[in-house]
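In the two complexes that follow, chain A is the common piece, with chain B as its partner first and chain C second.
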Partner chain A sequence: MRTQAKIRSEFFIRSWAAFVLIAIYLPIVCSALAGLSKSRYFLFPVRQFSLDWWQRTLASLEVQTLVQNSITVALLVTLISVLLAFFGALAFARYEWKGRKLYQKLLLLPIFFPQAVLGLALLLWMNALGITPSWRTAVVAHLVWIVPVVTLVIAIQVYSYDATLEEAAIDLGAGRLFIFKEITLPLLWPGIWSGALFAFLLSWGNFPLSLYTAGADSTVPKWLYSKMVAGYTPMVPALGTMSTLSAASLLLLGGAVIAVIRRRRQK
Partner chain B sequence: MHDSDAPPVVSTGLRYASPVLLFLLLGFLAPLVTVVAYAFASPKSFEVFTSFTLANFSAVLDSSNTVWTSFVWSLGLAAACTIILALIAYPIAYGLNHAFGRFSSLVSVLFVFPLFISENVRLYGWVQFFIKNGVVDGLLNALGLGPGPEVLYTPGITLFGMVYVYLPFMLFPMTLGLSMVPRDLIDAAADLGAGRFMVWREVELPLAMPGILIGMLLTFVLAVGAVAEAKILGGQSVITVVHDIEIAFTYAQDWPLGAALAVLLVLIIGGLTLAVLSRLDLDRVLGRR
Partner chain C sequence: MSSALNDVAKAPLPILQLVDVYKRFNEFTAVSGISLNILDGEFLTVVGPSGSGKTTLLRMLAGMEAPSDGNITLRGELINNVPAKQRPTCLVFQSLALFPHKTVGENIEFPLKVKSVPPAQRKERALELLRMLRLPESYYGKNVMKCSGGEKQRVALARAFAYDPDVLLFDEPLSALDYKLKKVLEKELKDLHRESGKTFVYITHSLEEAMVMSDRIAVMSAGKIVQIGTPESIYARPETEFVAEFFGEVNKFPLVRDPERGWFSADTDSAVTLTLPDSLQGAQAATLIVRPEYMRFASAPDEFDNVIRGSVFNEYSLGSRIQYQVRCGEKSVLIEIPRTLARDAALDQQVMIGWNAADAFVAEA
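Let's turn to the complex of A and B:
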């Protein structure tokens, strides 16, 4: 009786998760269809498929600039956030110190904050400082949100870090730099890679912060939004789909790298 | 650098935390202070730090002004979104811990991935699903079942969009919370004769509560600040608070009014966040042994 109830509830849970997943990916599929149909306006069922809009998107100079902006911003955000977050995560999870609990909570505040409001607040602040918004200021804006996220991602890895290894090395006379290079870094690599992957992908897909803080420069999500509001062309779903596919490939690639690092460490 | 035998003046932890703290001071706290300063500046001016008035706040609270309706909408939609998402996410969070077995990391990745696609792209996909001649309407027409339902540009679809966008923010803290419940404890309670409902109410729910609370808080706080859902799917049938703030900053060119609205919103969000976070031990939630 008990096991039968269990089978039934597991069946319910699996079907429910499958249903929600289908709902999550449904609009993404709709977008892909719209970008692959020949007509100027989306008609379903699609009368004629074509790659015209994909080709036009790939050939567009405007789009190339956007993609360049998005990649530059995401790379800088990844680099800076991993650097800051690596030490931030050690302070978060590795060391006992007086202000640690307070620091942990302060760090979470930018995550528990609507990004649109954060973007507008940063815009006011830049205006007060006399800085003209551009893609460079968008990097700063992304960092305010992404540094705490990456810190948490790395901190989770730090929690499983065995600090006695470091102490043993000190007892054996190892220097600080040696310990850092030979013990701390290798043990934390999977967390650092996950953090970097998160940083890049979150910056790549970020819309609200870029909208308010990138000034006259545009990123892929920002440009897509401006075209959704006025001037729709099938290049919008085409570029949206390309952006999604690039994120997916990067996630697969990054996941594979992390899996390899984990496996090598276990040997 | 400190000598290893002299006790350091600044602890290692603080030293490692200082770059992040300094950055957040300049990138998070300073902008918020600027917003507060603007909120007390003369209406429709840019005289920040030079004038002081409460006129912007009285304009927001003035009942002849309709600005407060956007607050009611945002808070109401956020509350509804939080409750709906708690119900949607709970079985999935449970499944990620107990029912999906070796597929559970694949399933998590499938739920995380949408976070990396900007919300406007995902929401616009729903527009193409529901729009005239879109997927639903086109399919029903092709089957001869007449035109599809007109759901776009209503408050209901705005709520739907919010539920859709904020699902991961509820799901993952909840999953973390449920993973804190030891399996043995549930088995023990069941062996001692507790029914399934009793086990859930007395063991599972209280132990998973920190994670569930974080999920609900995160969802609510982000949903109060929602704007893209109302614009893209809702077609501005609902004006949310952040939309009002944005209007004040752009078309209306009344930065002090926008700042006053933002300050009120931040007070609600910050108060809630601090109240919940101060009760939680983050080390336990994130898995310190």
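Let's turn to the complex of A and C:
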């Protein structure tokens, strides 16, 4: 009786898990299939498969510019946000100081702002300051939203970091810089890595902020949207699939790096 | 060299001196006017309940807190504001604070790396320390988090020794370990003290640890040192009820001075023979404290200075010793005797128990 009930509940758990996975991934698979269709138009089911549109996408100069823009923005955002967020996370989670509570709340506020509103607000500001929107201003816009996220990610690592280690290192004669290099940084590496990964992927996939603040420059998500609105070509799902696949492989790579760091530590 | 000169050279000098040291945190006074000489090469243990200020005291010695008032001197030099990294002291933390991302060897070598000692020399010293702390040399490359509790303890000690401090400070490093391991490490620590000749300042709330290891014990309560002396003197001649009770079980008898019968215990309805300390000469009331192991079963009423009657209520085996609870009317009294001397005291048997005035102590009421 018991085993039968167990088998039944396991069956339900597995079916539910499978359903959830299908619900999440099926649409992505569909768009991937659309990119592999020979047809000029979006027809489903796909009648004839071909790699034509993938080839054209890879060869397209326009797409190359887009990808270049997206990568440049994402890399800059990653670099700057990790730098800011690392010290921000120390202030967030490590040190007791007057106004820390307020700082913690203010820092998280941009995350709860709808991005469309945030984008509009930033655009208005740039206008007022007389700055022409371009991919550079998009970097600033991304930072406003991404720095808080990265700060949180790194802060989680900082919370699990035992500050007595620094005290012990001081007691053993070490100076600030030595401690930073030997103790603080190595122990916070996994958090910094996760933060960098988050920063890159969030910037890479960001649409609303880029739409408002990148001006005439286009990024991958922005282009995908504009092509859907007017001038559909199967390059849209093809580029979408490439973009998803590269983000996924970056995620896997990042995960592997963090796993290596952890393993080396547990040798 | 004449023997007189030898004696002078050997006389222990204070390495650390505290003069009227206070530490206040906002409204709270953690350390309240401590004056203390820590002698060169001694093993001094500071005991006290949690919140008595002993950790704050230790952190001031380490240079992690500056005193709010008073002076701390090291070999005669004022060090109130000398930071931890410049003091020849090293603190072994309660949590040990081992660097989790480093190997056993890298942990031990840390203070040497700070001083830019070349790697080959560092390794040589680390292996030497591993041997000194009875850890296998193969542990050099081991992940420190994979070590057992006792091994971590030894790694932390090795790291402290690698710094080569004059004074080692210990913040209850054994408190998290199981009883058996604790007993082993207590003795090892005392041996290490002897071998190294360094000054050890150890804080704990465990009386047992203090008794086993220390040359001197300082008892702290509410930010003050209430008594300081050898383990024997503190155990046998506590100056206050607090110290007496902190150091093990005691029988307490409230006494009053009766005009006719002299010192009198209302609990047992008997006159008491006692030796009154000078400070209580004029007192009309006092508390008599007798440790269970100074009490004995009496075969005659005049065998001891004081004898009371009661009946055996229960017995507790303590391994090599046996404790009896004897009820004298409403009052219950504990007697502890070696198992080899144990007499068969049946439950509810009427007995006489006694003690000598010299083995009891009298504290303020």
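Throughout what follows, the second predicted complex is superposed on the first by the 248 of 267 C-alpha atoms of A that agree within 3 Å, B and C clash if a C-alpha of one lies under 4 Å from a C-alpha of the other, contacts with A are read in each partner's own complex, and residues count from 1 in each chain.
In the analysis below, a contact is a pair of C-beta atoms (placed from the backbone, for glycine too) under 8 Å apart; a residue touches a chain by one contact, two chains touch by 3 or more.
Since we're looking at a predicted model, the values are computed, not measured.
Of the two partner chains placed by superposition, only chain C is touched by A:165; chain B is not.
Judged by the touch definition given at the top, the superposed model places A:187 against chain C, while chain B stays out of reach. In the superposed model, A:259 lies in contact with neither chain B nor chain C. After overlaying the two complexes on the shared chain, residue contacts for A:7 are found with neither chain B nor chain C. Considering which of chain B and chain C touches more of chain A, the answer is B.
When the shared chain is aligned, no partner comes close enough to touch A:51: not chain B, not chain C. By the touch criterion stated above, A:178 is placed in contact with chain C alone, chain B being left untouched.
No residue of chain A touches both chain B in one complex and chain C in the other. Contact residues on chain B toward chain A in their complex (touch as defined above): 11-17, 19-21, 23-24, 27-28, 30-32, 34-35, 38, 48, 88, 91-92, 94-95, 99-100, 107, 109-111, 113-126, 128-129, 131, 133-135, 137-139, 142, 164, 167, 196, 217-218, 221-222, 224-228, 231-232, 242, 245-246, 249, 255, 258-259, 262, 265-266, 269-270, 273-274, 277-278, 282-283, 286-289. Residues of chain C touching chain A in their complex: 62-64, 83-86, 89-91, 93, 95, 97, 99-101, 103, 110-111, 113-115, 141, 143, 145-146, 159, 163. Interface residues of chain A facing chain C in the complex, by the touch rule stated above, are 162, 164-165, 167-175, 178, 182-183, 186-187, 265-267. Within the complex, the chain A residues that touch chain B are 5, 10, 12-14, 16-17, 20-21, 23-24, 26-31, 33-34, 41-45, 83-85, 87-88, 90-101, 103-118, 120-125, 128, 140-141, 143-144, 147-148, 151-152, 155-156, 159-160, 201-202, 204-208, 220-221, 224-225, 228-229, 236-237, 240, 243-244, 247-248, 251, 255.
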